[in-house]
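Chain nomenclature is as follows: A, B, C and D, assigned in order of appearance, with residue numbering initiated at 1 for each chain independently.
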Amino acid sequence: MARPPNTQPMSKSYLPGNTNQPFSTRLYQLTQRHRHWFFIAPALIVLLTVVIYPILFSTGVSLFRVTFASQSRPFVGLQNFERMLGNDDFIQSALNTLYYVIFSVSGSFVLGFAIALLIRRVTAGKELLRLILIIPITMAPIVVGLMWNWMLDPLFGLVNWFLGLFGIPGQTMLAQASTARLTVVLVDIWQWYPLVFLIIEAGMATLPRAPFESARLEGVSSWMIFRRLTLPMLRPVILVALLLRTVDAFRTFDIVRVMTDGGPALTTETLSLYLYRTAFTFNKLSRAAAGSILMLLVIGLISALMFRYLYRDVEVG
Amino acid sequence: MKVVLKDLLKRFANAERAAVNKINLVIEKGELAVLLGPSGCGKTTTLRMIAGLEQPDSGRITIAERDITDLAPKDRRLAMVFQNFSMYPTMNVYENIAFPLHAIKMKRKEIDRTVREVARLVNIDHLLERSLRQVSGGEAQRVALARAMVRRPEVFLMDEPLSNLDAKLRVQLRTEIKRLHQDTGATFIFVTHDQEEAMTLGDKIIVMNNGDIQQVGTPHEVFFGPRNAFVANFVGTPSMNMLSGRIVADEGGYRLRLPGFELSLPARFADGLGKMKSDGVIWGIRPEAIKLVSAPGENTVSGQVELVEALGSRDLIFARAAEQLFGVIVDAQESVPVGAPCHLHFAGEQMHLFDAASERSLLNDKPPQSPHRDGGRLCKDGDIHRIATNSPP
Amino acid sequence: MRNLKTILFVLAVASLFLPLASAQDSIPLTDPETGARPWEGKELRILNTEVVPILAYQHEILDPLYEEASGVTLIYENAAHSDVLPRIQTTCAAGGDDFDIMFVEDGWAGALAALGCLEELDRFYLAAPGDSYPEDFTTRAFGTVAMAKEKWVGIPTLVAVGMFAYRTDLFEDPDEQAAFMEQYGRELTVPATWDELAEVGEFFTRPDEELYGFNYRYGTPNNILFDYMIHFGFSRGVDFFDAEFNPLFDTEAAIDTAMFFAGQDFLGLQPPGRESFQFGEVMQNFAQGKVAMYGTESWAIPLLLDPDASIVAGETAFAPVPGWRNPETGEVQSALLSAGPAYMINAHISEEQKQIAWDYLQLAHGKAFSRILADQTGAGHRISVLTDPDLVAKWPHLTANYEAAKVGIGRPAEPWWPEAENAIGRALQEVAAGGDAASLMMDANSDIREIVEDAGYYDEGLTYVSVEQREEFVCAKFAELSLDHDECM
Amino acid sequence: MPVPTSERLLAYVILIAMAALVLAPVLAGSITAFKPQIIWVSSPPTWIFEPTLENFEFVFFTRKGWQYLRNSLIISFGSVAMALMLGVPAAYAFARFRFRGSKALMQWLISLRMIPPIVVGLPFYAMFLYLERGLGIGLRDTFPGLIITYQTFLLPLVIWMMRGYFAELPAAMEESAMVEGYTRMGALLRVVLPVVWPGIVATAILNFIFAWNEFFLALILAGNRTSTLPMTAGTYIVRTRVEWGNLFAVNLLIMAPVIVLTVILRRQLVKGLTFGILE
């Protein structure tokens, strides 16, 4: 029950009259209830076409014997999978890939984390340092690989020239089966530690200050603060960093392709590289498809496990 | 414009219960109705459904007999003010206010006239050329008000417009909204979780919880005649003292057995108590209704003062008696030091009783009529005290 | 009748190379139609990889003249060498006409022919032979580079035969000669056998001076390792397969060869990083004066003699690749790889494009231009060039080149060959890395057997095409085309 | 928090050493691009020389680097534009609407980042093949074909990043516009997009970097009409020699724009690289 206005009442509303009844209320309701699909559908359709359909397609191809030329495509069931799993080279490249994942991920993680911790302690030139330190991640992996090939050349590379200044004899890291894999991993770490560094730094910036300040006041040692406060509080961030690094390391292709092309003696061959070769050089499409499905299963399993840990901590969607 | 909500239901995806559970509500033309409730009670969802920002799962909404349930927000002829100032940061104050007028293709000259007129109404005509970065929170909300008014809508929806402001500004703007309501004569629907804001603003308060309307009434009805334990507990600061107890029939009446003490109940509960199926009740009394008396007696418990909070002219005392903590409001002059013994008297006519099972009030369903219905909208706490003593038995 | 296009081309070439004016007589008509430049405005797309230096000379010298004379625009698409085969396979599988002419290494022709990617050239030749002169190649070279089994699919772009480069400044230095005599009790000569090479190599291996004895390629892609089978294996009598396609990489001779090739006696002569060297690195090492001797292929000659590319260009000479001394006869047996790419015509392009492609190929890789190229760069691959007295006078190594081209052995032209070669290359790398030669070679052998089995060769009872049989294919093809060849007599 | 001087000094030493390790190869390599052929490699390295542009000239004109540059630009801009057109509305929906399955769908989108390109690239090639053979639709070696393929890694990234930017905006912004007489589309275009514009630019730039550096899918699916710059880098390691000077000239062409963009974008970089999981 309103009182009569005690100042001059506003004139009649500017609003349009009752003319905008929608064509059909039911239609309107329907579109309202499902309006999100209007926004999502185009993207979703494209993603289904460019991701899901290819995977299904690959699965299909892997059950037949298909080559570039083949006119007939006999159904062979799981034979391609069997052959792939029984193939030494496939197993070898899977193990190499595992090696990359373990060492590249842990290496870049430790280095990136350390740099994130260190850069908090500097003042002047912080921006410049950060800018320089993230350069590797912006470079195309193929460029990184080629560049380090040049750096590591046994006779003319800068690395050996530099070592030579200190009287250390020439190293042939990329050439030896025993060191090539490690060398490629080191280059991979060189390229990807900034990812960890950036993620951890961003994560640390979001940490509340209070617990750290009170711990300092209470005289807790830096190491204990790091172990009992920093690490647990950064858990989701750390998981994100590890997850992203893992999937990236898992699909390593470009760097190896240009640095060693899988050699010497297949010691640096990765799954991606091996499957590429199988399909496009050796003309065994369906076997490569089977291999890629196996690869997808493994990475799916790994990331599903990591995601489960992650979603425990992070709200998504 | 009369706003009617009929069987309005909204359930969000992945939610266990309905956000708004088939509510029915009538808001009369020119009324200032306040939707009050804790966060998540469905009040904002209700408002957003009226605005058309959420689509109800079922039920209808009509404004002035016009069914708007299936209209786009822009066609509902209403305005809305949001909690977080909802400014358009790429536009300056003037453009912000003019923005709604562009939608109805008004002529530039008329836009200019209207914008300035509205800006004057909310006292921001000196800010028009400023960018939003140069505008304070209170001013920003005035801009929002101006933007809402500029199309001269017949229904204003306000979604906690004051809660992001500091206390002083809040009071100031509250008055201004009140004045605006009177000046425009439009229907206002105001959402808040702040029951003091609801009391001071509302012609009608709609208390909501868990998607249901708990009570509809004037501020006094809601304050003095809570229909259920939730409303009793939610409305009023400091909140009502509440204890679970059992009813024992006594000769000629009922007694209430509470942990540690017993009370005799006034006759006005007799009807309600007679209909009860079990003996469990929730007893409640407002801190303002507890009296400190000098000696123990009927409906009195003895205890000790544990804590005193100064509220200004009055003190809020927490006294422990019969192992329970009671909040009591007393005049500052009559305050008692911490540790002092005290006797708390519970006046029978100010007690509330609720069925423990249904949490419904045991008084008859008709809420007590406030004797101050016309003048009491802005009444002070002292008035409430006076009214309380005058409420009918 | 000569059409204007040809005349223009001849005049242009002739005016540039007046001393060679006689060459014009050998350029016949390619298009019997009169009227100038029938393909004016057309494009010819070439999938290329900048694999060998002489192609660069071709682009520099020939292409502008051809474009001007014919009105055709040449469009080169360069791919990394290891991407070329995948690219051709994928394009071809789609029936794509993306390229008119494709760069095809000898090892790939079999696979591509099986996919139906390669246009046979007989009919073009019979209609207008032009300057192609297929009989101007040795049968070994032609069979390896230009044919896929019995099909003629290309005109060799070049014929790469094993060559051996050495530093004259080192070998002719009296001090070095004296020192060598003192140390080994014989004259310092360019080694003729692998054993001699090991000795001379050891002599020149002086890491302190950043000088090493010898340089060979061991790196990836694994297929380049296969060269070893020829240079080191075939000369000892190792073969790839028996007649029934049973792989022979696990024989004693093959294992011995692998052990020598990858053993420290041989590896130890080489600069650090040898396990990963491929053509690029070994050439770079030699061109920067880091090694005394260098096993290479004939295409490298122009680059090694180019003072812009090599700091030892003036001190580089060439010799035949060493071999093994037959203990019974005392003769040096050597076997040389014969390899090389040919530009081949895509089977999926239009007839007109095929005609243009043929027209370009017969000129670009034809007799006349081959001579110009050899004169300019010292690289030759046609018999007429390798035996030309003027050219031999200018480039003495051409004689060695010719001898090599006559005996060079090519890769099998089977569709699955790239995969098999990868398997053997991988095993060799592992041997070089210190693995057990016998078991690795046996593993590789069984891998290859599986590959052959997968391809259905044993089911279909296919038989291995030996080196001699390939020569027979070539001779049969020449006979079909009514061509005479000395080696087919 | 105050840091002891010794600790800070140590941090400086380590960080500067690391920065040197980052810069040294990049700078030394870039210098090589200006060296004449004879000193592309030399032992010891030649530091003083007369810089030449002949490598760039060779790479850019003789080897038609300008074409690859053009292709890279077309593909990168095209695929980013497509990803934005599809992804921005979807991101908006994910930020604004709660609906059945929205959370699961969002998680699914993150998981797309996990799929190795070979798993997609291989069937893509085969699909294009069948399309071409069966329906006569040529997508292989065309710009549209590559642009569509690039959506596999660009589109999820755009949705994730943009969702973050939209979620930062109060929903009230476009809701008030809707109440004030605009449709949702109108509100989106007139109110939200002007505000979220910097976010779109950041997303576009980061995605541009990814598309620009992409190698694997291009290797499989591009041809002579569409070869990109990274693909050509490999062509300078010819089998017979490595053309270091030319190679580094190409590397500079690939690297330079990205490093410039990084300088502009460094703050937004994290959001993109972490795929918006961190918020």
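Criterion: a residue touches a chain if its C-beta (ideal position, glycine included) is under 8 Å from a C-beta of that chain, and two chains touch if they have at least 3 such contacts.
As the structure is a computational prediction, the values presented were derived from the model and not from experiment.
Enquirer: Name the chain pair with more contacting C-beta pairs, choosing from A-C and A-D.
Expert: A-D
Enquirer: So, comparing C-alpha centroids, which chain is the farthest one from subunit D?
Expert: It is B whose centre lies farthest from that of subunit D.
Enquirer: Starting from the mean Cα coordinates of subunit A and subunit C, work out the distance between those two points in Å.
Expert: 42
Enquirer: Where the CA atoms of subunit B average out and where those of subunit C average out, how many Å apart are those spots?
Expert: Distance between chain centres, rounded to whole Å: 92 Å.
Enquirer: For subunit A versus subunit D, what separation do you get between their C-alpha means, in angstrom?
Expert: Using C-alpha averages as centres, the distance is 14 Å.
Enquirer: Taking each chain's centre as its mean C-alpha position, how far apart are subunit C and subunit D in Å?
Expert: 40
Enquirer: Could you pull out the residues of subunit C that touch at least 2 other chains?
Expert: Each of 82, 86, 90, 93, 210, 281, 284, 288, 290 in subunit C touches at least two other chains.
Enquirer: I need the residues of subunit B touching at least two other chains; which ones are they?
Expert: Each of 72, 74, 104, 151 in subunit B touches at least two other chains.
Enquirer: When you check subunit D against every other chain, which residues touch at least two of them?
Expert: Touching at least two other chains: 41-43, 99, 102-103, 125, 219-220, 234, 237, 242.
Enquirer: Of all residues in subunit C, which touch subunit D in the complex?
Expert: Interface residues on subunit C, with respect to subunit D: 45, 47, 49-53, 75-83, 86-87, 90-91, 93-96, 98-99, 210, 224, 278-281, 283-284, 287-288, 290, 299-300, 303, 308-309, 311.
Enquirer: Provide the residue numbers of subunit D that touch subunit C in the complex, in ascending order.
Expert: 37-38, 41-43, 63-64, 125, 128-129, 132-133, 140-141, 219-220, 223-225, 227, 231-232, 234-243
Enquirer: Which residues of subunit A touch subunit D in the complex?
Expert: By the definition above, subunit A touches subunit D via 35-36, 38-40, 42-44, 46-47, 49-51, 53-55, 57-58, 61, 66, 114-115, 118-119, 121-123, 129-143, 146-151, 153, 155-156, 158, 161, 164, 190, 195, 198-199, 201-203, 206, 212-213, 216, 236-237, 240-241, 244, 247, 250-251, 253-254, 257-258, 271-272, 275-276, 279-280, 285, 288-289, 292-293, 295-296, 299-300, 303, 307, 310-311, 314, 316-317.
Enquirer: Which stretch or stretches of subunit D touch subunit A in the complex?
Expert: Per the stated touch rule, the residues are 1, 3, 7-8, 11-12, 14-16, 18-19, 21-26, 28-29, 32, 41-45, 86-87, 89-90, 92-94, 97, 99, 102-107, 109-120, 122-127, 148-149, 151-152, 155-156, 159, 184, 209, 212-213, 215-216, 219-220, 230, 233-234, 237, 242, 244, 247-248, 251, 254-255, 258-259, 261-263, 266, 269-270, 273-275, 277-278.
Enquirer: Going by the contact rule at the top, pick out the subunit D residues touching subunit B in the complex.
Expert: Touching subunit B: residues 98-103, 170, 172-173, 175-183, 186, 190-191, 194-195 of subunit D.
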